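One chain, chain A, appears in both complexes that follow, with chain B as partner in the first and chain C in the second.
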Partner chain A sequence: MIPHAPILAILLPLFAAFLTPVVGILSRRRDIKRAREWFAIAAVLVELLVVASMLPTVWGGQVLVYKLGGWQPPWGINLAIDGLNLLVALIVAGIGALVMIYSFVYMERDTGLDQYYTLYLLILAGMMGVALTGDIFNLYVFFEIMCISSYALVAFRRKWQSIEASIKYMIVSSLGTSFILLGIALLYGLAGSLNIADLAQKLGQVSPSAVIVPLALFVTGFGIKIAMVPLHMWMPDAYQAAPSAVAALFSGATATVGIYAMVRVVYILFGAFAIGTMLATLGLLTMVLGALMALAQRDLKRLLAYSGISQIGYILLGIGLGTVLGIQGGLFHLFNNAIYKTMLFMIAGAIVYRVGTSDMDQLGGLWKNMPVTGTLFAVGALAISGVPPFNGFASKWTIYVAGIEAGQPVFTIIALITSALTLAYFLKALNSIFLGQRPKHLSDVKETPLPMLFPIMLLAVLCVVFGVLPQLGIDLVRPAQEAVMNSSGYISEVLRGV
Partner chain B sequence: MAAESVLFGRGFWGPIIATAAMLLIAAVGGLILLGGRRVTKAKPSAGKLKTYACGEELEAGDIHADSEQFFSPIRRVFKPFYRYIRPAHSGDLSNYLFWVVVGLIIILISIAVAMGVV
Partner chain C sequence: MDLNYVIAMLLFVLGLYCLLLKRNLIKLIIGLTVLTDGIHLFLISLGYRSGGTAAIVSGEMFSDLPGFAARAVDPIPQALVLTSIVINICILALALSLAVYAYRHYGTLDPSKLRRLKE
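And now, the complex of A and B:
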C-alpha cells in the first residue's frame, strides 16, 4: 500500500482542483497547449493508483483505520476503509479517470474550462471523502462538497435550460442534505458521538422508537441523491441539461456514492435490516416508474436519466432483500450500472458532439456514419437490458434468484417484466438513432473522435468481461457484501483499543 | 459457497459455453444469410425503392418514425399511469418539493411499521 493512501485519495483531487486554474494560467502564458487537461488526467490516474494500492490490504480481510492527527477514534476523526467503501472508491476513481479522458476532447469547444476541471476534481474529492470517512459529520461535509460542485457543473454551459435545472436540483438536493444534517444532529443528541462505529455501537442500546425519525431523515436525504421514487424528479432535468461528460460522471459515480451512503447508514450505522422490505418495495416502484417514463421519452439523455432511475431500483431491490445473494446482486449491479450507464451517457455525448442534438426525432440512420459508436451503443443497450452474455444479465440474474430465495417471487417477476421494458425502450433508441432512414442533414456526420471512443471501448470490454466471467464480478463485490453483513467487525476494528 | 453453485455452477448458467453457443449460432446465421444472397441475386429496380404515402412521393431521407409513437400500443396499456404520472414530471419545482415531503412521510411511516413501533 502507498503510505498514507487513505488521506491521499481525498487530498490529491482536492489540491489538484485548486492547482488546475494555476496550471491553466501558466500554460496560456508559456503557450503550452492543453497542459491543464494533461495535469487533470495525471491527477485522476494517480488517484486511481492510490485507491488500487489499498486493495490487497482490504481484500485480505483488514479494515484500514487511518487516524487523522493520531487521535484515537471516537474522539478524533478517522478514515475507515472496509470492502464496501473500497469498492465504491474504486468505482469513483475508475469512472472519474475515464470521464476525465473523455472530457479532453468532448469539452474542447467550451470556454471556462479552468472552472470545469476545478469543479470536476472537487466533486471527485467530495465523493472520495464520502466513501472513505469513518465520521458521520465528515460524511455530510464531503457530501455537501460533492453536491455544491455538481450544481455548478449542471449549470456549466450557462444556458437557460441548464441554469433552471441546476437551481431546481440545488433546491431539492439542499432539502435532502438538510434532512441529513438534521438526522446527524438528532443522532448526536441521542448518542453523543459522530464516529460511525461508535454510533453504531451506542445505537444498539437505544430504543427503536428513538431512531425512527433520524433514520427516515437519512433515507429521504440519500434517497433524493440516488433519485429513489418519489424523490427522483430533479434527475431527468439535471442530466438532460448538464454536459454529457458531467451526466456520465453523475450516473456512474455520484449515484454509486449515494447508494453507498444509504447502505452504510441503514445497515451498518443503524443495523436496520428490518427496513429492507421497505427499501426493496421502493426499489420496485423506482424500477417500474423509471422504465415506463423512459419508454415515453423523445430525448436520448432524458431517456438515459429515467433508465438510470430504473436501474437504481434494481440495486435497491437487491440490497433491500438483505440476504447474502441479494446484497451481492445489488452491489454487483451497482458496479455494472456504473460501467454501462457511464458508457451510454458518453455515447449520448458523442452524438451531441457530432450532430448537435440528442433529440431522437431529429436523428436516424447514423450507423452508416458512426458504425463503431453504434456497435458500442448496442453493447451498452443489451448490457443494461440484462441480455446475455453481458454483465447486466449476470447481476440481474443474481437479483432474480435472490428474490426467489428470499420468498419474494413477485419481486422477481416484476423485475423480469421491467427488464423487458428496458430492452423495449433501448431498442426504440437504437432504432431512432442508428437504424432506419438517415435524414439528409446527417449525411456528413463523422465517427466519434478516437480519444472519446477509447474510454467507451474500455467500458464495453468490461461489459463483456463481467458478463462472460461473472464470477469475477461476484468475487469483486464479495468483500463489500461481507462488510455490509458484518458491522460488528467494522466496529471492533475501528474502536480497537478503546 | 451455496450461492455460487446456484448461480453459475452445475447447469443453471454457464456463461462461457452460452457465449460460445451464441457466437456459433450467429456465425451459422451469417453463413446462411450470405449463402442465401449468393443463391438468390438481388434485383434492384427504381420502383421498389420509391415510397408512396397518401399520394405523395417522399424521398427516403424524409421518412423517419416518430419516437413518441414507438411502442404506442404498450403505452396505451399503461394509459392510466401516464395520465397521472406524466403531469407530475412537468418541471414544476413546487410539485417536486411536494413529492419530497410526501416521500418523507411515506418513509417515516414505513420505517415505524417495519421496526414494530406502530
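And now, the complex of A and C:
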C-alpha cells in the first residue's frame, strides 16, 4: 500500500481540481496545447493507482482504519475501508479515469473547459470521500460536494435543456440531501455519535421504533440520488440534457456511490435486514417501471436513463433479498452495471459527436458508417439485457437463483420478464440507429475517433471477460459481500482499542 | 427549550410546504433555505444547555474539568451547523444563478412552465 493511500485518494482529485484552472492559464500563456487535459488524465490515473494499492490489504480481510490527525475513532474523523468501500472506490476511480480519457476528444468543441475539468475532479473527490469515509457527517459533506458539482455539470452547456434539467435535479436532490441531514441530526440526538461504527453499536440499544424516522429519511434521501421509483423523475431529464461524458460518469459512478451509501446506512448502521423486503419490492417496482418507460422513448440518451433506472432496480432487488447469493448478485450487478451503462452512454455520446443528435427518429443505417461503434453498441445492448455470454447474464442469473433460493419465485419471474423487455427496447434502439434506412444527410458520417473508441472498447472487453469468466467477477465482489454481511466485524475493527 | 424544537419543525414543514406548492422558482429556493434552517435550529438545540459556557478549554478550566464538562454546551452540533450553512450558501448561489438563466431562456420563473424536455 502507498503510505497514507486512503486520504491521498480523496485529496488527490481535490487538489487537482483547484490546480486545473492554473494549469489551463499557464498552458495558454506558454502556448502548450492540451496541457490541462493531460494534467487531469494524469491525476485520475494516479488516483486509480492509489486506490488499487489498497486492494491487497483490504482483500486480505483487514479493515483499513485511517485516523485523521491521529484521533481515536469515536471522537475523531476516520476513514474506514472494508471490502464494500474498496469495491465502490475501485468502480469510481476506474470509471472516472475512462470517462476522463473519453472527455479528451468528446468535450474539445466546448468552451469553458477549465471549469469542466475542475467540476469533474471535484465530483470525483466527493464520490471518493463518500466511498471511503467512516463518519456519517463527513459522508454527508462529501455527498453534497458531489451533488453540487453534478448540478453545475448538468447545466454546463447553459442551453435551455441543461438549465431546465439542472433546476429540476437541484430542487429534488437538495430536498433529498436535507432529509439526510435531518436524519443525521436525529441520529446524533438519539445516540450522541457521528462515527458510523460507534453509531451502529449505540443504536443497538435504542428502541427500534425510534430509528424508523431517521431510517425513512435516509432511504428517501439516498433513493432520490439513485433514482429509485417513485423518486426518479429528475434522472431522465438530467441525463438527456447533460453532456454525454457527464451522463456516462453519473450513470456509472454516481449511481454506484448512491447505492453504496444506501447499503452502508441501511445494513451496517441500522443492521436492518427487516427492511430488505421493502428494498426488494421497491427494486421490483423500479425495475418494471424503468423498463416500461424505456420502451416508449424516442431519444437514445433518455432511453438509456430509463434503462439505468431499471438496472438499479435489479441491484436493489438483489441487495434487498439479504441472502449471501442475493447480495453477491446485487453487488456483481452493481459492478457490471457501471461497466455497460458507462459504455452505452459513451456510445450515445459518440453518435452525438458525429451526427449531432441522439433522437432515434432522425438516425438510421449508421452501421455502414460506424461499424465498430455499432458492434460495440450491440455488445453493450446484449450485456445489459442479460444475454449470455456477456457479464449482464452472469449477475442477473445470480439474482434469479437468489430469488428462488430466498423463496420468492415471483420476484425471479418478474425480473426475467423485465430482462426480456430490456432486450426488446435495446433491439429497437439498435434497429433504429444502426440498421434500416439511412437518411441522405447521414451518408458522410465518419467512424468515432480512436481516443473515444479506446475507453469504450476497454469496457466492451470487460463485458466479455466477466461474462465468459463469471467466477472472476464473483471473486471480485466477494470481499464486498462479506463486508455487508459482517457488520459486527466492521464495528469492532474501527473501534478497536476504545 | 422545547419551543426550539417546535419552531424547528415548524420551519421544516413550512419549507416543505413551500417546495411542494409554490409556483415560483425564487420562492422554491427560499423554501429550501427555510427548510434547512429548520434543521439547523434543530441541530443547535440538541447541543444547547441553558446557562452553559462555550466549550473552549482554557488554563483555569483544567483545574475543574468535571465541573467544566457539566457546564459546557455540546460543540459538535455547532461545528456541523457551520459546515452545513456553508454548503447551503453554495446551493443557494448556484440555484439563484440557474434561476437567472431559466428566466433568460423561458421568460418566466414558473417551474411548471419548465417542461419542454418531456416533449
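A few points about this structure:
As a convention for this text, the second predicted complex is superposed on the first by the 498 of 498 C-alpha atoms of A that agree within 3 Å, B and C clash if a C-alpha of one lies under 4 Å from a C-alpha of the other, contacts with A are read in each partner's own complex, and residues count from 1 in each chain.
Rule of thumb we're sticking to: a contact is a pair of C-beta atoms (placed from the backbone, for glycine too) under 8 Å apart; a residue touches a chain by one contact, two chains touch by 3 or more.
Everything numeric here is computed off the predicted structure, so don't read it as measured data.
Partners chain B and chain C, brought together by superposition on chain A, fit side by side with no clash. Looking at the shared chain after the overlay, A:413 reaches neither chain B nor chain C. In the superposed model, A:209 lies in contact with chain B only, and not with chain C.
Legend: residue contacts after superposition of the two complexes on their common chain; A:233 is shown touching chain B, with no touch to chain C. Of the two partner chains, chain B is the only one that A:220 touches; chain C does not reach it. Of the two partner chains placed around the shared chain by superposition, neither chain B nor chain C is touched by A:461.
In the superposition on chain A, A:178 contacts chain C only, with no contact to chain B.
Touch criterion met: A:364 reaches chain B, while chain C stays clear of it.
After superposition on the shared chain, chain A has more residues touched by B, the comparison being chain B against chain C.
In the superposed model, A:7 lies in contact with neither chain B nor chain C. In the superposition on chain A, A:170 makes contact with chain C only, not with chain B. Taking every C-alpha of chain B against every C-alpha of chain C after the fit on chain A, the minimum distance is 5 Å. In the superposition on chain A, chain A positions 164, 168, 171, 175, 237 are in contact with chain B in one complex as well as with chain C in the other.
Considering their complex, residues 137, 141, 144, 148, 151-152, 155, 158-161, 163-168, 170-171, 174-175, 178, 181-182, 184-185, 188-189, 194, 237, 240-241 of chain A touch chain C.
Interface of chain B with chain A (complex): residues 3-4, 6-8, 13, 15-16, 18-19, 22, 59-68, 70-71, 74-75, 78, 81-82, 85-86, 88-89, 91, 93, 95-97, 99-100, 102-104, 106-108, 110-112, 114-117.
Interface residues of chain A facing chain B in the complex, by the touch rule stated above, are 164, 168, 171-172, 175-176, 179, 208-209, 211-213, 215-217, 219-220, 223-224, 228, 230-231, 233-234, 236-237, 272, 274-275, 277-278, 281-282, 289, 292-293, 295-298, 324-325, 328, 360-361, 364, 388-389, 394, 397-398, 401, 405, 421, 424-425, 428, 431-432, 436-440, 443, 467-471, 474. Chain C makes touch with chain A in their complex at residues 12, 16, 19, 25, 28, 32, 35-36, 39, 42-43, 46, 76-77, 80, 83-84, 87, 90-91, 94-95, 98-99, 101-102, 105-106, 111, 114-118.
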